[in-house]
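Look at the two complexes coming up: subunit A is in both, with subunit B in one and subunit C in the other.
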Partner chain A sequence: MLPSPFQFERPSTIADAVRAVGESGDGMFYAGGTELLLALKMRVIRADRLIDIKGIPGLDCIAVNGMNEIEIGARCTHRKISGDPVIREHVPALASLCAEVANIRVRNVGTIGGNLCFGEPHADPPTMLAALNARLVLVGSRGTREVHADDFIRSEMETVREPDELLRVIVFPRPAGPVTYRRFKHGERPSVNVAMTWSLNADGNTIRSARVRVGALGLRPQPLPVVEGALRNVAVAEARQAIETALPAALDQLEVNADRHGGADYKRHLAGVLLLRSADEAVTAGGSWLK
Partner chain B sequence: MSVTDSMSAVRPDLIEKVTGRAEYVTDLVIPGMLHGFVVRSPATHARISSIDASVARSVPGVVDVLIGADVVSFGCWGVVLKDRPIMAIDRVRYVGEPVAVVIAETIEIAEVAAELVDIAYDELPHATTIREAMMADAPLIHEHHENLEDFYFKGGARPTPSSNIFHTYRNDVGDVDAAEAVAAYVHEDHFTFPAISHFAMEPHAVIADFQGDSLTVWAGAQTPTAVQKVLSRLFGLALAKVRVIVPFVGGGFGGKASVKIEPLVAAASWKVRRPVRVAQSMAESMLTCRRLGADITIRTAVDANGRILAKSARLLLDGGAYSDTGSAVATKSANRIMGPYVVPNMRLEACAVYTNTIPGAAFRSIGGPQAVWAKESHMDNVAAAIGMDPTEFRMLNLASRGERIRPDLRALDMDMSELIGRVTRSFAPDAQPSNRKAHGLALAATDPANTPISNAIVRLKIDGSILVSVSSIEVGQGAHATMAQIAAQTLKQKVSAVTVLRSDTAVAPYDWGTGASRSTVVVGLSVESAALDAADQILDMVAEVWELPRDGLSLVEGGVSTGPDVLTFHQIFHRSLGVDSGEVVGRGAITPRSKKGSLAESPLFWETSAALAEIVVDEETGEIRVPRYASAADVGRVINRVAAEGQDEGAAVMGLGHALHEALEFEDGQPVNATPIDYSIPRITDVPPSFDTILVENGDGPGPGGAKGMGEGAILPVAPAIANALFAAYGIRITDLPMTPEKVWRALQKRN
Partner chain C sequence: MTQVLAISFSLNGKTIAVDVPAHMLLIDLIRDRLDLKGTKRSCDMEVCGACTVLLDGEPISSCTTLAVDVDRLDVTTIEGVTPPDGLSPIQQAFVLHGGLQCGFCTPGFIMAVTALLKTTPHPTDAEIRHYLDGNLCRCTGYTKIFEAVKSLAGRQDAA
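What follows is the complex of A and B.
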């Protein structure tokens, strides 16, 4: 259970890292290694060169930018995010998510960027970041581009990131309403998870818009447009009823795999359970949002 | 007392372990040592059509590659049936079977070169489940069965020729048919139990060093003398030339009992004539052995008052590709499906079956969890069917102390109603089951195979320090601390004066092995007897040299009291021997004839467990939580409380894993979750927040101070107690483990 031999480089700038990974042979970025090193040891992934990005300054910053958006450096560990004052203040649900990812060893070294780039369908952060309408900033040899979290994961273990593109930062608008995340798991990874964000109107009593994403059921997090539509301009107090009414049709639209985490009907049912529990939590949180 | 002192007083190994100084096999470096990496079968059942190791051999740093052709002449080995080659020779019988060992200067080189060994397979028809293996046209996984009577266990296996059944055990008492004919009610159930991984934190790791006609092996082995014997026979070496050294072992649970990868590593060293180390990963150890899955039919007949008239059980056990100790697991499963009840008529049958899967092995209470899962779930079903409260039904049918539950087994040496009372009282009156909380009870009384054969040496030195040599291994259970306490108490010295030597067959005398809850009782008795022998020698010395009456002398801390005076050990040795040096060597032996033959009857004691579980079910997800759990065992006498409670709690939490989480799954013989990532065991957050461990001490056991063995009992009742709580609250009966949320949800849906 050792990886095949590889070269190891530790550049100190993003440009050097991108250049290094693009050289001949298979090069891969390496940060926490909690997924990559396991896969290398099991020899399901091969790399000739690992480009360690831990020597690059600035990749682990968390801040609110001038556009009232929250930026999370891709190299932030789950542990760092879970304890960060900005995240705890503005997106406490993300802080709790990061505090519960996998296990303590993974949280201490695993990074949010690495988690996204691995494209594991049974993961916590992608669902949440999609619900938060996050953009991922990729830096490659041909320049910088932004990809919406919804479009980032293409399929199981596959993203739109080019091998020589480095995920630099994750950016999303500061939430204007309650944010919830719930998952069900009976093992190492979530069987199903649901993230929901509400933007409240200025009165604080009605939902202007909602984003709902369900993860781990298919190849990537899926939106629930029926529920999102049902929540538009609905009073917070009536949100649960609105979701309940829309739920059967919404769940029917989900693409659900049967796998080791359970049968499709069971996991579809769980998505509904989690969504309703999220609604109760959001209603409670919504009531105090402006106070 | 400092924290480290108080930890050391409880368990001398704790400080070594928490500071990382404790040595396990993987920490050892033997001069000249090479590294082996095992190439494993990807096929379920196949003929090996060719092996080409030439490219691998040419890799710089590779010393050699061991393949089946090298070991043909050694023949097969086994501990009950001689059915296993050192490695696959012309045929593989399960995914994970060793086919080649690449031996290199470094483990990195060995692993890289392992990918270059080119092996071609021709698939054979396979049988990967009990049902497939028992079909009339099933492929035969073994054509011949060479029986080794009394080699490891008393008795051998009883294979059925030209079938995959490698052992059948039957025991009939009375007349079940006649009893069923007059019964008021007969109820039958069917249960299944999956294969389960031992999941020890330390995977199998072995270093072997062949030197001429002698062989030294460092292994995390639970039964070093069995390893010694198998290696001696396989390689034609004298027993005295085979040395097995066992440093600290990081968990065994039966997965390191009998013999595992030691013959393979020894053959690698034989091939290159240098020490070779094979340190498996956890995933490789998950492919090495596992608990036997089971398919169980159980039927009970009761009279109009609810008294049990007859019980019959048929247990089919999935033994995997090689028998190992699967025959004993099957026999024990039949014995463990009975008690602790009075059953006048019984028909028991257990079969162990070969399948093309990872070989079955001993695992904490062999056959016990399988049998108790079925019998205790069944008890509640029978009670419900006749409209009786399940606890009342059990109480009505309990066998009492002194009663025999089967004529060929020792009378019960405990009072199960006392244990039921203790767990019931542990749940405070305010913990009555409510709509949300449900309670379930389950009981077990099992017959440990604690072969009464053991030897110990206790050496008392001139400065009062004491050395204890036993073959018992320290696998985390605290056996060495317990032996030290027994020696110290017997010789009236401080426990800190005692050192228990690392297990080494060249130093320690013969013992059967560490397992079956036997060490405290059997090895403990031999240590006690060796300490008494040492005491006799020192007291005789004083009586003779000082010319004092022997009965006036007694041991005290640091020496011998003559009544008015205390002579230090220094004074005694100095004056007796003329020089200021020396020691006495006490020898203790336990055999079936010891203690006037009282140890010969089986079992030596009954290992007991009663459990009450409180569960809360999330009805929407099917997830079961266990907020409260009480576990009671009659252990006779506690010698080391921290170790004893740790054993009981550890066994119960392992049982919780069996109940709610664990199953080693196969698809067409391919393991689908045999990695630590995909296989799920309980975490500390899954452990019941309220956990009451009740150790009943009546001082009536056969061991030192009236101790009985323990450590395997508490694993038994967990799953049925939880299942019975689920049945009580929702009327749903889960019949196959683990009780995953999805299974529970589906059962709830079906009921609605």
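What follows is the complex of A and C.
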């Protein structure tokens, strides 16, 4: 299949890219193309112009900033993130996630920003970034704004990003405890995924707070507030029991679709299984967190 | 009006310059304009790996890559890793171990294995399986392909 013809532009600054997209007709930012070109080829979307952002310097940086936060440029490929020393040291679960996205060819060119902006419910990074409490920095014609990862994806294939807003960077606090990500899949996309982060007290034995997000069940990643509440100020050694107790009520609160990945009850059940396995992993990792 | 862009890139070691429509896909440039038919189109959605070529040494899906995106870069196709006479060590290993039947997926597998062994000359079993996870074969059941790659994993001259 061929995409319909479009104009192709290669701006070298963010300002020029934003201006180019905002000009007449349907312009779209373009980087790896692993999602966008597929949609253009299938003619489920159309673009008059593709604005290639690969020539803009600085969009593929990864660093710890002065606020003890980790910044990942939106144009970083999954491959780059999976091998990056900063990510491997501070968020190894994210490095592992990126090493398993789709397949080697997609990881070589597909970007984390493109993945988020597509809003595909069966995707790996959105669930993890929501659990990490990430903020997404959008640059548009009316200035710069930050959106929490939880608020970014509105529904299936739909985000709060305006067409002329470029996702520049993803920022999240450096984790202060174990981070886990687990998924179950039939093909390349996750059928269900669960991400969990714990912030531990200074002694490393108690969970100060936890964030749990479940993805691919509904239209967007969802929090599990009942489990998060059950983990607050709980000893790491007691965490699994706390989750097990809270789990039935927590799972009942999830919105779950039946789709080609499985029925609603089945997917809900998988979420619980993945969460308990994550708990075991986090308990093990928690013990070594301060070493 | 269709926008045409002039690009220049290295194809199997030779620099070429061509004018391409902005929306042209790399696989169509390779197969239809440059007449290299070894690269196969199958799923057309980056899942099966039959269209795999190397871009600056790394595997990509040519079915979902714009031709303009290879401007000034290095593209290698199955023709570029096949000696003028005979077969490369990787190709020989596939033949020796029965790693192909209909052969349609084979160019993609050969390209992926070429990239794997270049960066990881001695891959573990797990590394082989992980790297080739995105290349699909409907004939062999994968065991023969895996054995072919494994036979190369210890050799110095594989790539």
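In the analysis below, the second predicted complex is superposed on the first by the 291 of 291 C-alpha atoms of A that agree within 3 Å, B and C clash if a C-alpha of one lies under 4 Å from a C-alpha of the other, contacts with A are read in each partner's own complex, and residues count from 1 in each chain.
Here, contacts are C-beta pairs under 8 Å (C-beta built on N, C-alpha and C of every residue); 3 or more make two chains touch, one makes a residue touch a chain.
If you're wondering where the values come from, they're calculated on a predicted model, not measured in any experiment.
Engineer: Look at where subunit B and subunit C land on subunit A after superposing the complexes, then choose clash or fit.
Structural biologist: After superposition on subunit A, subunit B vs subunit C: clash.
Engineer: Check whether A:L270 is in contact with subunit B, with subunit C, with both or with neither, and answer first, second, both or neither.
Structural biologist: In the superposition, A:L270 contacts subunit B only.
Engineer: Does the superposition put A:G262 against subunit B (first), subunit C (second), both, or neither?
Structural biologist: First partner only, subunit B.
Engineer: For A:T34, using the defined touch cut-off, is the partner it touches subunit B, subunit C, both, or neither? Pick first, second, both or neither.
Structural biologist: The answer is second: A:T34 touches subunit C but not subunit B.
Engineer: Does subunit C touch more residues of subunit A than subunit B does, or is it the other way round?
Structural biologist: C
Engineer: Tell me which partner A:V109 touches in the superposition: subunit B (first), subunit C (second), both or neither.
Structural biologist: second
Engineer: Going by the contact rule set out at the top, does A:E188 touch subunit B (first), subunit C (second), both, or neither?
Structural biologist: After superposition on chain A, A:E188 lies in contact with both partners, subunit B and subunit C.
Engineer: For A:P5 in the superposed arrangement: first (subunit B), second (subunit C), both or neither?
Structural biologist: In the superposed model, A:P5 contacts both subunit B and subunit C.
Engineer: Show me the subunit A residues, by the header's touch rule, that subunit B contacts in one structure and subunit C contacts in the other.
Structural biologist: Touching subunit B in the first complex and subunit C in the second, residues 1-2, 4-5, 38, 187-188 of subunit A appear in both lists.
Engineer: Please give the residue numbers of subunit C that touch subunit A in the complex, ascending.
Structural biologist: So the residues of subunit C touching subunit A come out as 2-3, 5, 21-23, 25, 28, 44-47, 49, 52, 55, 58-61, 64-66, 68-69, 112, 115, 131, 133-135.
Engineer: Touching residues of subunit A toward subunit C in the complex: what are they?
Structural biologist: Counting only subunit A, the residues touching subunit C are 1-8, 33-34, 37-38, 40-41, 50, 52, 54, 79, 102-106, 108-109, 187-188.
Engineer: Per the contact definition, I'd like the list of subunit A residues that touch subunit B in the complex.
Structural biologist: 1-2, 4-5, 38, 42-43, 184, 186-188, 260, 262-263, 266, 269-270, 273
Engineer: Residue numbers of subunit B touching subunit A in their complex, please.
Structural biologist: 107-108, 111-112, 115, 281, 283-284, 620-621, 623, 661, 665, 672-673, 675, 677-678, 680, 740-742, 745-746
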